[in-house]
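First up is the structure itself, then whatever we jot down about it.
The first chain written gets the first letter, and so on, giving A, B, C and D; residue counts start at 1 in each chain.
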Amino acid sequence: MSRYLIRRLGQAALVVAGVVTLTFVIMRLVPGDPAVAYAGPRASPAELAAARQRFGLDDPLPVQLWNYVRDLVTGDWGVSLHTRRPVRDDLFLAFPASLELVAAALVIAVAAGIPLGVAAARHKGRLPDLSIRLSSMLAVSVPVFWMALALQTIFSSGLGWFPIAGEYDTGLDQTSPLRVYTNITAVDALFTGNWPILTSTLHHLVLPALVLAAYPTGVIAQMTRAALIEESARDHARMERALGFGETAVLTRFALRPALNPVLSLIALVFAYSIVNGFLVEAVFNWPGLGRYATDSIRTLDTPSIAGVTLLVAALYVLANLAVDLLQGVIDPRARAR
Amino acid sequence: MRWHKRLLAAGAVAALTLTATACGGGKIRGGADGSEGSTQPGTSQNAQNPSSAADATFVYVPNLDVVTDWDPASSYSNEILAMQNIYESLTRYNPQTKQAEPRLATSWTSSDDGKKWTFTLRQGATFHTGKPVDAAAAKAAIERTMKMGAGAAYIWDAVKKIEAKDSSTLKFTLKYPTALDLVASAGYASYVYDTTAAGSGDLKTWFGEGHDAGSGPYTIDTWEKGKETELTLKAFDDYWGGWDGPRYKKIAYRVTPELTTAWQLLRGGEVTFVARLNPQLFAEAGGTPTVQAAQTPSFQNLLTLFNTHSGPLKDVRLRQALQKAIDYDGVVAVLKGAGAPAAGLVPEGLLGHNAGQTPRQDLAGAEALLKEAGYGPGGKKLELTLTYAQGDSDQEVLVTLLSSTLDKLNVKLSAKPLQWTTQWDQAKAKDPAKRQDILVMYWWPDYADAFSWFVNIFRSEDPISFNLSYLRDDAIDKRINELPQLTATDRDAAEKAYAELQNKIINERAAVAVPYVMNYQRAFAKSVQGYVDNPAYPNVVFVHDLKPGA
Amino acid sequence: MSRAEESPMGNGTLIRIRGLVVRIGDRVIASVPELDVGSGECVAIVGESGSGKTTTLLAALGLVGDVSDLGVRGVDISGEITVCGVDVVAAGPGELRGIRGSRAALVMQSPQAALNPTMRLGTLMRRALARHGVKGAAARSRAEEAVKAVLLDPEIMRRYPHQVSGGQAQRFAIALALALGAEIVLADEPTSALDVTVQAEVVAVLRRLRDERGLAVLLVSHDLALVSTIADRVLVMRDGAVVESGPAAELFDRPRDAYTRELVAAVPALPSREEER
Amino acid sequence: MTAPVVPDAAGAATPALRRTPLRWLVGVDRLAVAGAALLALIVLAALLAPWIAPHPEDGGSATHPLEALLPPSAEHWFGTDQVGRDVLSRVLYGARTSLLIAVAVLAISGGVGVVLGVVAGYAGGWVRDVIMRVTDVFLAFPALLLSLALAVVLQPSVTTVIVAIAVTWWPWYARLTASVAASVATRAFVDSARCLGVPAPLIVFRHVLPNSLTPVLVQLSLDGGGVILTAAALSYLGLGAHEPTSEWGLMVQQGQSLFTTNWWVVTFPGLAILITAFAFNVLGEGLRARLTR
C-alpha cells in the first residue's frame, strides 16, 4: 500500500516537473520583451537593463529554467507585470474566491448530477432517461459565457431575483465587517457567525454557481448513468436481485457505491476544468477570483502572472487526482489492496 | 482505511495553514492597512445609499483594477483615479480656458525667455502626515520624482534647478524654455508629497503598503487588491479647501470590468459613477430618470500611422488615398457618440487645436490616387498590413469599416489585433520589411500640451520609439523643436506654428490620419451635483468639488 | 416469512415447469417441456455453454434479461413456471421479489463477482435479512447460525469479498440462502470457477444441507463428474432444447441420446455413485 | 473529452442483435441518427452559406454603418450588428469557421494521438512509458487553460485556435489508442503476423491501427462539441478569430455589452454554438452507445 503511495507520489512529482518545464517554455515563447512590459514604454536603456537583470533574461535558457524552478520551490513565483506585486500574493488573494465559486458549482453538480444519473439508469430507455440524457447533453453543450450573460440579463436585471454582480454586498464591510481566516468569504462568514455576509454571499453565488454547474452536472449525470448501468449488469447486481431487492434498491443501495469510482475521477477532472471555465463566468458576474486576474494578465501579456495561474491550476489538478486516488480507497476496498 | 483517513486529514490541515498564513490570520476585511484605524461597525455610512445624508459615499466604478503603484513619483497608471483625490500638484489645467489654474500654487510668473519660473505656494495647506506644505517640501518631492526618473518623471526633463526661496516661494531654472505651469498640472509625476513621511524607513516601501503622504481632500482608508471594492478613501479633515456644506466624505472604487454589469449597478442605485459605458447603454442612461449622462470630448484621439519609410506606402499618393478612403462619418456613426470627428492632430481644449481641418471620406479621390500609382480597381492589387489593439472594440470598428471600403478599391487589408507590446515590438523591428504598413493606436498627452503628439510621434528618432510613421523630415523636426519656447512665451505664435505643422504632417506628408477623438460617456446618479469632466485628467472625478444632492 | 406454510403446492413441488420457451427475437434460447424439483431433491441441468441451461435457471427466478441492455423488450417467455407457488411468468415485480432470496435463492458461478465489492459480507447479509423483515438480534443470530452451517467462521462477515477465497465466498452465498430460509437453491455452475479441492468442499456443503435440512437444489453445470456425485435427476440440454432427462443413475449408466453418450464418455473417470455413497 | 468510454451492459443475449442491420438505424440509435441529421444540416448550412445567406457579402468584409443594430425584421431575420451586417448571414458564415476549426483540430490531434498511441501500445516498454509520461504532463492542464496559454503566445487567428486546441487534445487520443492498441497487440493475429516475419511498422499500421480505431472515432465525434466550445471561448477572450472573419465566439464577445439593449446580436451566435456542440454530443453519445456495446 505504501509502495503504491510512493509510486503514485513519484508519478505526480514527475508530472509537476513536466508541467513546470512546459509552462516555462511557453512563457519564453511569448512575444514581446517582459522587461519592456515591466519597465514601461518610456523606460531608459538603463532601466531596461535593470529589468532584464531582475528577471534574469540575459542568462542562458537552461539556467533560467533552473532559477525559475528554484524560485518556485522557495515560494517566489515572480512579480506580476501588471499589478507589480508578487504573483504568489496575487494568487492567494484571488484564488479563494474562485475556489468558493467552483466548490459551490461542484456541490450543485454532484447534488443534481448523481440523482439525475440514477433516475436515468433506473428508467433506462424510457422517456425520463431520454429527457435526462438530452438535457445533460444540452448542459455540456452550452457556452458558459453566453449562458452567464443570458441568466444575468433575465434573472438579475430583468426579474431582479438575484444580485447583478459581485461576491457579496460590499456595504456589509461597514456594518458587519468580516474577519478573514481562509479568505474564502462564505467559509469565514460561516465560522465567525457573520450571517449578513454569509446570506449575501450565498445569494450572490446562486447564478454564477448555477452557470458554472451546468457542464459538471451534465457530465456527472451521464457518467453516473453509464457507470450504474454497467454496474447493474454485473454478477453482484443479479445476486442482489436474486436476494429480493428491487431495481431501485439495487441501483441506489448496491450499484451506486462501486459506480461512484469513475464518477469521482471525473469530478477531479471537472474541478480543474471548472476553475478555467469559471474565468469566463467570473468575468460576467464580476466575481473577484482568478478569472479577472487571468484575463487582465492575458490582456497585458503578463507572463509571470499567466505562468502563475497556469501552474496553480495544473498543480491543483494533479493534487485533485491524487486525492481522488486516495478517496477511491475509501469508497472501493479493492483499490486499497493495490 | 485508517491510513487513508489520516492522510486526508493531514492534507486538509496543510491546506488550511497555507491559506491562513497567507492572509495573516483573522484580519478584518476592509482593514488591509492595519495602522489606519479601519472600519468599525455602524460608524460609517452604508455604501449602499450613496445619495443620502451629509457624509455620503461616492462609489466610482472603474473597469480596471485601480492601484498598481502607490508611489506618487512613479505612479503612471489607473491609480490616477484615486491619486488626484489624495495628492495635489502645483497647478490644475482648465480645458475651458486652455490654461493652468491655481492648486497648491496660488500664482506664478515666468521670465520672458520662458526659462525661469517662480511659483507662490498656498498658505495653510498641510500633508496628511501633519506636516505643512511648504516650498522646501515641494522641492524635495519634485526632486525625488526627478531623481527616480520612473513613470512620467520625464515631464520635468527641462528643469535644471529648483530652489525654495522662502517657505512659500519655489523657483525653477530650466535648461530650455518650457510651459512649466502646464508641466506642473500633469496628471502624473507632478504631485507634491511629504518625502519624510516614512521617517527612517524606505519611502517607496511605505507607500507600497498602502500609505499616502498627500495634501488632497481624501486619504486612503482601506485598500484590498483584487477585491471588488478595491479601495476606499475618507475625508482628510484638515484639508485646506475645507468641508463646508454637503460633500462626499468617502470614496469607494468598485472595480467592474463588464460594462453591462456596471450599468446595471448604477441603475440599481448601488453605485454613483460609471466611468465608461458603450453608446447603447449611454443612450439608455440618458433616458433613465434616476441617472444623468454626460458626454465630453477627451484629449485622446485615434491615430492611423502610415509607414512613410518602407513598403508600398512609401508612395505619398497611396497614403493620401488611404486618408481619403477612411469612412470618417461611418466610424463616428457606429460609435454613436463614443467618438467625435477629429480636426487635425490636436483635440479640442488644447492649445494648437485646429478647428477647420475635419477630414471627409472621398472615394473618388482615393480611387484616382490609387489609379495614378497603378493600383485601384482594374489595376494591381494593393496588399497592406495593419496592426491594432486587441480587445479594443472601437478600433475594431474602424478596422472593420476600413477593410470593407478598401476591399471595393482592390486593396487587400490584412488586419491583426495584437497586444500592445507585440504590436509595438513589430513596429520597432530593425528590419523595415517586418514592420506594418499601417499602425492604429491611441495617443493622449501626459500633461495638457499638444507638444506631446509632435515630439513623440513625428520627430525623427533613432532607434524608433513612438515615431511609428517613421517620418524623417528636418524641416518638421526644426519646427517641433521651436514649439516649447513659443508656448511658454507667445501663445499666438505657438498656435500658428501648430497649424502649420499639422498641415505639413497630415496634408503634405500624409503620415497620419485621425479617424476620431474619443468622447467620454459618463453616467452617474441624479443626486450628484456639479460634475464637470476634465479631459486633462482622464477618468478622474474630483470628488471634493461635487455636492451630494437629495 | 410465513408464506412457506400456506403454500398451495402441498406436495412439496418447489419448481414446476411446463412447456417453457424462452425466445430472444426470433431465436429460441431455451425450450424445456417439463421440469419438476421437489423439496429435498437435487435436479441437475447439464450441457455445454450456450445450451440454454443457465437461461432455464434464470427464467425460474424471473431474471432472464435483467442485465441485458434491452431489458424485457427483446425477451419473450412462454409456458408455465411455478416457483414456490408463484406463477413466475405472470407475477408482478413485487410478487417475484417476495420469493427471491427468502424461498428460492441463487448461487452464481463466479463467487467473488457475485458479491458487491464495496460491501462487507456481513453488511450484505444484514441488508438481505432486513429486506425480508428480519432485523436486530434475530438477524444476527440467524446470520451466525447460517454461516456456521456452511462451516465458515462468523468472523468472515467483517471481510470484503476480495479478502475471502472463492470457496469461502461460494459457501457464504449458500449461507445467505440458509439465513433467508430458502427452500431451494438455484446454483449456476457453482464450482466451475473453483480449485478442485475447494469444489469438493462446496459440493459437500450442498449435499449435507440437502440431506440434513431437505434443501432442494437446481444445479446447472457442464461438469458431469460433479453432477454425478449429487444429482437425483438430470436434464441434458443442447442448443436450447432438452435432449434427454431421467434419474441420474439411469442416465449415466445407459445414456439413450447420442449426445449424452458423448458427454458421458468425455468424462475421464466417472466415479461410481455407489462408491461415493 | 472528459467522459471516458464506458461500455454499456453487455448482456449474454445481445450478440444476435448485432447482426440485424435494421437495428442499426432504428432501435437504440435514434440518438445517433438525430445527432447526425442535425450536424448534416449545420454542415449543409455552412457549405451553402454563399447561396442561402440573405446578404452573403455581410459574411465577409462588407459593412453598412448606417444600418447598425436594426432589430430582427423580414429583411434581417436575426437583425443587424454594430456595423450594420446581417446577423443571420454572419451566423451562417460562422458555421464555416467553427466547423473548419472542429475538423482541423480533430484531424490533427486525432492523427497525432492515434499514431503515437499505436506506437506506444504496440511497442510497450520504455517507448510506451516516455509517450505516456508526456501525455500525463499535457493532461495535467485543463484543456482550455493550455489552449489559453498557447493562444497568448501565438497571434490571434483561426490558425492559432486550431493549433492551440490541437496541441492540448492529442494526448487524449494517444492514451485511448495506446490502451486499445496494447490489447490488440496481444491478440493472436498480431502474434502470427510477427511470427511470419512481417516488419513491425507494417504490423502496426496494417493490423494494430485499423483495429484500434473504433473507440477513437467515437471519442472524436464526442469531442467535436468540446472543440467548438473551446474555440468559441478563445475567440470570446479575443485570442482567436478576428475581424472580418465571421466567428460565433467573437460575435458574442463583440455583442456582449449590448445584451440588454440589442439582444439579437448576442443571442443568435450563442444559440448557434449551443446547437452545434449539442449536435456533436448527441451524435457522439449515440455512436458510443452503439459501438461499445
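To be clear about the criterion, a contact is a pair of C-beta atoms (placed from the backbone, for glycine too) under 8 Å apart; a residue touches a chain by one contact, two chains touch by 3 or more.
Computed from a prediction, not measured in an experiment: that's the story for all the values here.
**Student:** Which contact partners do chain B and chain D have in common?
**Tutor:** A
**Student:** Imagine chain B is absent, with all remaining chains left in place, and give the connected groups that result.
**Tutor:** Take away chain B: still one piece.
**Student:** Suppose every chain is reduced to the average of its Cα atoms; which one is closest to the average of all protein Cα atoms?
**Tutor:** So the chain sitting closest to the middle is A.
**Student:** So which chain is farthest from chain D, going by the mean of the CA atoms in each chain?
**Tutor:** The chain farthest from chain D, judged by C-alpha centres, is C.
**Student:** Suppose each chain is reduced to the average of its Cα coordinates; what separation in Å results between chain A and chain D?
**Tutor:** Roughly 23 Å separates the two chain centres.
**Student:** What whole-Å value do you get for the distance between chain B and chain C if each is reduced to the mean of its CA atoms?
**Tutor:** Here chain B and chain C have centroids separated by 86 Å.
**Student:** If you average the CA atoms of chain A and of chain B, how many Å lie between those two points?
**Tutor:** Chain A and chain B have C-alpha centres separated by 36 Å.
**Student:** In whole angstrom, how far does the Cα centroid of chain A sit from the Cα centroid of chain C?
**Tutor:** Measuring from centre to centre gives 51 Å for this pair.
**Student:** In chain C, what residues contact two or more other chains?
**Tutor:** 67-70
**Student:** Give the residues of chain A that touch two or more other chains, as numbers and ranges in rising order.
**Tutor:** Counting only residues that touch two or more other chains, chain A contributes 31, 125, 149, 153, 157, 229, 232-233, 284, 295, 299, 301.
**Student:** Where in chain B do residues touch two or more of the other chains?
**Tutor:** If we look for residues of chain B contacting two or more partner chains, we find 258, 260, 264, 390-391, 422.
**Student:** Taking the touch rule as given, give the residues of chain D at its contact with chain A in the complex, in rising order.
**Tutor:** 2-4, 6-11, 28, 31, 133-134, 136-138, 140-146, 148-150, 152-153, 155, 225, 229, 232-233, 236-239, 249, 252-253, 256, 259-260, 263, 266-267, 270, 273-275, 277-278, 280-282, 285
**Student:** Inside the complex, what are the residues of chain A that reach chain B?
**Tutor:** Interface residues on chain A, with respect to chain B: 1, 31-33, 36-37, 40-42, 44, 47, 82-85, 89-90, 92-94, 96, 149, 152-153, 156-157, 164-167, 169-171, 173-184, 283-286, 288, 292-293, 295-296, 299-301, 323, 326-327, 329-330, 336.
**Student:** Help me check something: in the complex, which residues belonging to chain B touch chain D?
**Tutor:** 258-260, 263-264, 278, 280-281, 283-284, 327, 329-331, 333-334, 336, 390-391, 393, 396-397, 399-401, 403-404, 407, 415-418, 422
**Student:** In the complex formed with chain A, which residues of chain B make contact?
**Tutor:** 1, 3-5, 7-8, 11, 16, 19-20, 22-23, 25-31, 38-39, 41-48, 64-65, 68-69, 76, 149-152, 154, 222, 224-229, 252, 254-258, 260-261, 264-265, 267-268, 390-391, 419, 421-422, 424-425, 466
**Student:** Going by the contact rule set out above, which residues of chain A touch chain D in the complex?
**Tutor:** Spelled out, the residues of chain A in touch with chain D are 11, 14-16, 18-19, 21-23, 26-27, 29-31, 125, 133-134, 137-138, 140-147, 149-150, 153, 157, 219, 222-223, 226-227, 229-230, 232-233, 262, 266, 269-270, 272-273, 275-277, 280, 284, 294-295, 298-299, 301, 306, 309-310, 313-314, 317-318.
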